[in-house]
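For reference, chains read A, B, C, D and E in written order, and residue numbers begin at 1 within each chain.
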Amino acid sequence: MDAPSYTLSKIAEKDNLAVYDLFFGPNHPGMHGNFGYVLEMIGTEIVKVRPNAGHLHRGFEKLMEQKLWVQNIALVPRICVVDPDPNEVAYCTAIEKIMGVEIPDRAKFIRTITLEMSRLTSFLMGMGALGAALGLYTPMYIMMADRDLVLDLFEWLTGARIYHIFNIPGGVRNDLPDGWVERLNEVLDHLERRLIEYDKLVFENPIIHKRLKGLGYISKDEAIKTGITGPNLRASGAAYDVRVDDPYAAYPYLDVKVITQEGGDALTRAVQVRLEFEETIKLIRQALKQMPEGDVRLNLGNLSMLKVPKGEAYAKVESSKGEFGYYVVSDGGLKPYRVGVRGPSLPAGLLYAQKHLPKMKIDDVAAWMASLAICPPDIDK
Amino acid sequence: MTSRWDVERFGIGPMATPRQADVLLVTGYVSLKTLKRIIRTYEQMPEPKWVLAFGSCTVNGGIYWDSYNTITNLAEYIPVDITVSGCMPRPEAVMDALQTLMKMIQSGEAGAYKKYKENYEYYKANQDRVLKKTVPILGQTPKNDLEGKNEDAKE
Amino acid sequence: MIELLLVPLITTLSIAFFIKYKRVTWTLFLASNGFILYKLYSIYGMWSLSYSFNTGYEILGAKFNLGVSNNPIGWYFAFFSALITLIISIFSIGFNKNSKSNVSVIWMLIIFSNLGIFFAKDWVTFFMMWELMGWTSFFAITNGKDKALDGAKYYLSLSLFGAALLLIAISLLGAYTGTFEILPSAFGLLQIINSSTKLGIVILLLFLTTFIIKSAIFPFYMWPQKVYAEGPEDYITFMSSVMIKYGIYPMAIFIVPVVGSVNLPRILNTGNVLQYVIGYLGAISAVLGTLLAIFQTDMKKLFAYSSVSNMGYILLGFSSMTIVGFEGSLFHVVNHMILKAAIFLTLAAVVFRTGESEMHKLGGLVYRMPLTFMTFLLGIIAAAGIPPLNGFGSKWMIIQALMSKKMVVFAIAMIFASTGAFMYLFRALASIFLGQLPDRYKEVKEVPLTMAVPMFIMMVIMLLVGVVPGVVMKPLTTALKAVGYNVDIASWTVLEGSLKNATIDLKIVFYMFVAGVIISGLMYFFGNKSETVPQEDNYTAGEYPEEWGVDADRFNYSYSFYQPFKEMFDPLLESISIDDLFASVGRNFEYLSTTIQGLFKRGEGAVLLFSIGVLLLILGGLII
Amino acid sequence: MKMQKSDIINILVDRGYSVFDLYHNQIALAVKKENLLNDLIFLRSIGFEHLSFITAVDFIDEGEFEVVYHIWSYTHKIHILVKVRVDRNNPVVPTVIDLWEQSQFYEQEVHEFFGIKFEGNNDLSPLFLENWVDIPPLRKDFDTREFSIRLYDAEVDGGDR
Amino acid sequence: MMAVLRVFLFSLFAIFIGLLFMGIGRKVIARIQLRYGPPFYQAFLDVGKLFSRKSITHNFVMDLGMVMSLGGLLATMLFVPIAGHVAVKTSTNLIVIMYLMAIGYLGMAMAVAASGNPNATIGVSRALTMMLGYEVPFFTVMLGLIIVNGTSSLELISQSQAGSILNWNMIRFPLSFIAAEIALQAMMGEKPFDAMIAPAEIASGPMVELSGKYLGLAFLTHAVSIFVETAIIVNLFMGGASNIFTFVLKQFEIYLITVFIEAVFPRFKIEQAVKFLWTVPMGIAVLQLILILLK
């Protein structure tokens, strides 16, 4: 694979006209969200890539300085549409850290369950998107239908399908409704049954294996050095999971199995997501079983007049794409002084685009993006 | 859009490029960078064409109304036929909007693209105002240490 | 009969006399050509015409006479090649308007040797004309261009090598059969093979090698691309359309009859060993030529390999040794002449206007040169063998013949090559004429009238032969009948295949095509009207290309067009090192010649002297 | 090889850093601009290999920017916030792209939003904003509401302003 | 006059059946994907809509190419016997059909390359590569049948299978049938051989610049090509049919197989697709060919 691109870059030096540009995004069917790469190509092979980010930049970090502490909870889930809950939890955890409060155990478990459900939806979408990037739409539609089942549960619990605004400083908004747990169990059973079909359609498909094998290889050392996190890191062989290493919510009470694989290519990453999907279902079951009774929120007074003492904290949460981190600085006022957001996709979406895409064929760009689960909104913020 | 609310049963499906499309769905907030691309995409669509603005953000900025990088009213820049409120709108609302749009097209009410042609200067002026600004809006001059950052503006 | 050769010879001399006055020379040239064409037309059917100059000498026990005769197959070749040559030479007037040298003298000499080769009665005349053509080509290729010298040298060395083999073969043949006349010697050779197989096959293979060198068959497929790369475009048009057939003609009159009737071990009950030798040469040429053509970036090289591939088809047709295959091959000779002339004329026009032959540096010329585009389009449709243009009929006949003889490997090779032809042909179309027009060619104009008219004529001929193949097939079948083959005279539009119920009326195909186009045209006009937008207004995923410094040149996919496909073949093509072998031989040859050149200190003459010396040595060795 | 937080604090205090113990696994570290690179190299050598991200805080009242490097150790499971204070009028920080490749983009981002220069980083072109002529948006003296109202005619009701 | 009418009717019939198949295919795929799916007549509505829209062209080659593409396909269709009927009395030569079909593809390729969009050109380059990929095994299959029957006339091959279902080439030469089915999948450009369209890679490739009636013509071309290709398979392997209804039903069966395969496979990269076509179906076809030659 190296040899032709070497000659290609020689060609590009010698013959400028051999190179042409292809715009991959923002308005491109292979691109998830508004994001773009300007690809310089020779033939169908990429020789250079210019990332074109910022289409989704909304200035979150600035907007959060303008709003009350609790108002921001409505804002944060919008940073990542497919996996919104980690944002809420990370933001709330940071506030709780500054305030030095410990939330009730039941709230911790409910948070954990919503986080894991959110992870389910995100994985379903990610696996579907991977199929769609390779032209396989059937599992995508089936997964979207299954995702709707989880979203229904969210709607029942929080009143909203996508942006739940459920976690608040001091706990969660309300307790689980009656019958909700039973329904959740049913949905989990259903998803487990469906896994067989997903396997047949996607993960055991020889064509998918052929297409993804060896694509976008990241070694373990490289992944650690460049800040790759989440399933992508674990697919490279590093056993790092925020849920275990820096536990939050109810994870200290749970037995989280960290799945690692050697391999580090797109296929391993795809399988990693599938394995973690299964593990997530088990984890929700575990959390449901261990969930204690009790309050679901601390009484922090009138939340809209919440004042957070002067201080700073960094809280991170393992989202489906990796480490989501909120760095919150408070000056003791009604509004945050500064919120810094660490999205998990930046190293993959910008750095690895420049590392991987040259030498790659145009055929593989969408599949590569899907395999790294690049989520442009959290790059742009 | 998902399989439960299958839009394809109305014969609606996503197309890959603006050339093949009838309806432009603007899903949510529009940052300046995106607006520029939306305009190009919109202008590349063959007539007749319609715009379905999706979410509160396109109506009045929604939750991002005070952001420095998102526009507040999409209809100032391109003609919008129909908007769906909500953030995010529920799938039922989107389906309803699509069906309403279909009815409007049949009855001839939806013809915003004609408006765009007639009031082209108005739209262009609005677009240029936000996209091609050369002086700082808040009146401060950029400090010297920011040289080289605003190359585009100097041209 | 002899006036057919005398007129061009005299015209050549008089043109050389008036060489300063271009108008006079071209008038003379056209007048003489008109006469030749008329004369050729008028001797159609008079197969007994001949002229012989008796020298009275005997060499190797065979009579040494020089003569021309109206051989029917020769007439078929001569007439169509003269016609195409005339059209090309008219094009050449416009093409060379600004050049200092007067090319009409070369063209006249070419026409002279052209007629000589096809009407030669005996091998000696044939050899003389063959050599004259070789040398004329050398001068025509190097005409005014130093760069072209490499290719010309390569070509010259190869054709000298071929000529040496030819000379040996002729001597051997003369010595063993006692005659130098072409047609009788064929029977002589047949007898030699049947009596002493090894010697006969050696002679046959010597002849075959000479001819496949000239026709650029594998393993001698390298010269066209080397010569075409830098040669003058008007002349390489002639080379690729007419000259490359010089090897085919003697094969058709000499080798095919011998191979077809020789008694040798048979393979798969379908043919003898030699048939398969010819077939495999053809199949490899067809496939390899196609693959190499697909990977070229220079349009002239691309079509050079396309010619190799087409020569392969002709050999495949021969290898079937059926009358349908034979007819198909000879039909394809003329079809290829026509379509290659049309294609190369347009390439010449493109080079004339832009000075560029690398395809990825061109693009969008359809905006500026619509007539050239149309000619090229029809040319590639014909070359791809798509009805209703010419090129289809002959390919169809060859495939029919191969299928009827159950030569499945050859049939598959043929289909592979002709489907692969879509790839390279379309690639040329897309890269040269379609896509984005770069800024530097925004001012390019359509070619002048003298060049436009020949192109237009070519279009008409292609369509005519495509719909009414009888205009070629009738003379062909008549000629074949005259030679003694058992054929029916073809009708105007119907082609006969060799399988059951395999007749095809190209007229009906044409009507159907017209009907289809009319229906779809109705649909088109039934639709709402369309609006023409400039080429810059393109789908770019919403980006503004100009803001990224992307201009028309940088928004044009044409370099490395079939890269994924090429990568499949990279290991294979690297392992075929025939190019390298030839290159090393060529280098040694060049080294040797430069050494001797140093001795003589007399430019190119040294190569000539050296080569003649080599030839004399070989000849002497043989006689002893 | 895993060190406790107290051990790490001791090591750091011994080397003369001002260390703030934030939470059970978070430490803040104030370093000088001149020593930043050496300090980061040292931190990496004792196992802090994961750069989470780089951000900045505008302390407008104190006339300083604070650039914060978030570094995590996989081995010690400790999060360190390395803070550098720079003058607001001449904000220059040495680049760390040689240590962590991905910091290229974080530095671009911080430069774009705060106007902080990174010495040694040659490509500080805007990453997210196009045609931006105002002062960098994340500085405290940039009023995004005012900006939005003036440029986009944002509607304000309810007297929120 | 009668001939003109027949030509016209045959064309309309082919377009009608092709569009109907496309609509039903979409419905079937939607059901496989747990969706309700569009109405079966959706393809007609789509084409009607597309023709009523304003369209955008870059130069005259686009118009010419699109007309040529549908024209070429319709001309091909007129050579294919449908339940024993041919539009105009002529020999239904397989080689002619194969070559004529190419003109449709060439026209389409030309039209889209004229738009000057690299996405489209990449798509075309892939489509032509794919063509080389599937023509070789498909021709090998045809070669076997031609050698068995001693004729290249589609009509005669179809007639030779008359009588019982055991005479069908599908039963007599099952290997050929499998190879032809795989090649057909590529011929129709369905997954896993749809690298030329590949929306996620090259933004729907050749169709990237087609709008309005150009897209409509492309739709119709696709419809006719579905009709022609299934008709060829039905004639080659299922013995044609005695009446048009049965014929269309057999065509639909063939089409349904491709739709089922389409629904559950991702796409090959182009070089993988060609390699696959040159190994698996080609190997099967060659095996059958050897069996035929040895007989």
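We adopt the following convention: a contact is a pair of C-beta atoms (placed from the backbone, for glycine too) under 8 Å apart; a residue touches a chain by one contact, two chains touch by 3 or more.
Bear in mind that the values here come from a model prediction, so they are computed numbers and not experimental data.
A.B. asks: Quick one: which chains contact chain C and chain E both?
C.D. replies: A, B
A.B. asks: Hop across touching chains from chain D and tell me the fewest hops that reach chain E.
C.D. replies: The fewest steps needed to get from chain D to chain E is 2.
A.B. asks: More contacting C-beta pairs: B-C or A-C?
C.D. replies: So, comparing the two chain pairs, more contacts are at A-C.
A.B. asks: Chain with the smallest distance from its CA centroid to the overall CA centroid?
C.D. replies: E
A.B. asks: Please identify which chain has its centre, taken as the mean of its CA atoms, farthest from the centre of chain A.
C.D. replies: Relative to chain A, the chain with the farthest C-alpha centre is C.
A.B. asks: What chain lies farthest away from chain B once each centre is taken as the mean of the Cα atoms?
C.D. replies: Computed centres place C farthest from chain B.
A.B. asks: I'd like the Å distance between the centres of chain A and chain D, where a centre is the mean of that chain's Cα atoms.
C.D. replies: Chain centroid spacing, chain A to chain D, equals 23 Å.
A.B. asks: Roughly how far is chain A from chain B, centre to centre by C-alpha average, rounded to an integer in Å?
C.D. replies: 27
A.B. asks: When the centre of a chain is set as the mean of its C-alpha atoms, what distance in Å lies between chain B and chain E?
C.D. replies: Those two chain centres are 40 Å apart.
A.B. asks: Between chain C and chain D, what is the gap in Å from one C-alpha centre to the other?
C.D. replies: 72
A.B. asks: If a residue has to touch 2 or more other chains to count, which residues of chain C qualify?
C.D. replies: 531, 539-543, 555-557, 561, 564, 567
A.B. asks: Where does chain B touch two or more other chains at once, residue-wise?
C.D. replies: 3, 16-19, 33, 36-37, 41, 44, 46, 66-70
A.B. asks: Among the residues of chain E, which ones contact at least 2 other chains?
C.D. replies: 33-35, 53-56, 118-119, 122, 199, 203-204, 208-209, 212, 269-270 - these are the residues of chain E that touch more than one other chain.
A.B. asks: For this entry, which pairs of chains touch?
C.D. replies: So, checking each combination of chains, I get A-B, A-C, A-D, A-E, B-C, B-D, B-E, C-E as the touching pairs.
A.B. asks: Across the complex, what residues on chain A touch chain E?
C.D. replies: On the chain A side, the touching residues are 20, 22, 28-30, 44, 131-138, 141-142, 145, 201, 205, 207-208, 210-211, 361-367.
A.B. asks: Across the complex, what residues on chain E touch chain A?
C.D. replies: That would be residues 29, 32-35, 118-119, 122, 191-192, 194-195, 198-204, 263-270, 272 of chain E.
A.B. asks: Would you tell me which residues of chain A are touching chain D in their complex?
C.D. replies: Against chain D, chain A makes touches at 53-54, 57, 59, 61-63, 65-66, 97, 224-227, 238, 240, 245-246, 312-314, 316, 323, 325, 327, 329, 337-338, 340, 342, 346-347, 350-351, 380.
A.B. asks: Under the definition above, what is the set of chain E residues touching chain B in their complex?
C.D. replies: 26, 30, 33-39, 42, 45-46, 49, 53-56, 199, 203-204, 207-212, 215
A.B. asks: So in the complex, which bits of chain A are touching chain C?
C.D. replies: 4, 11, 15, 17-28, 31, 36, 38, 41-45, 50, 52, 361, 363
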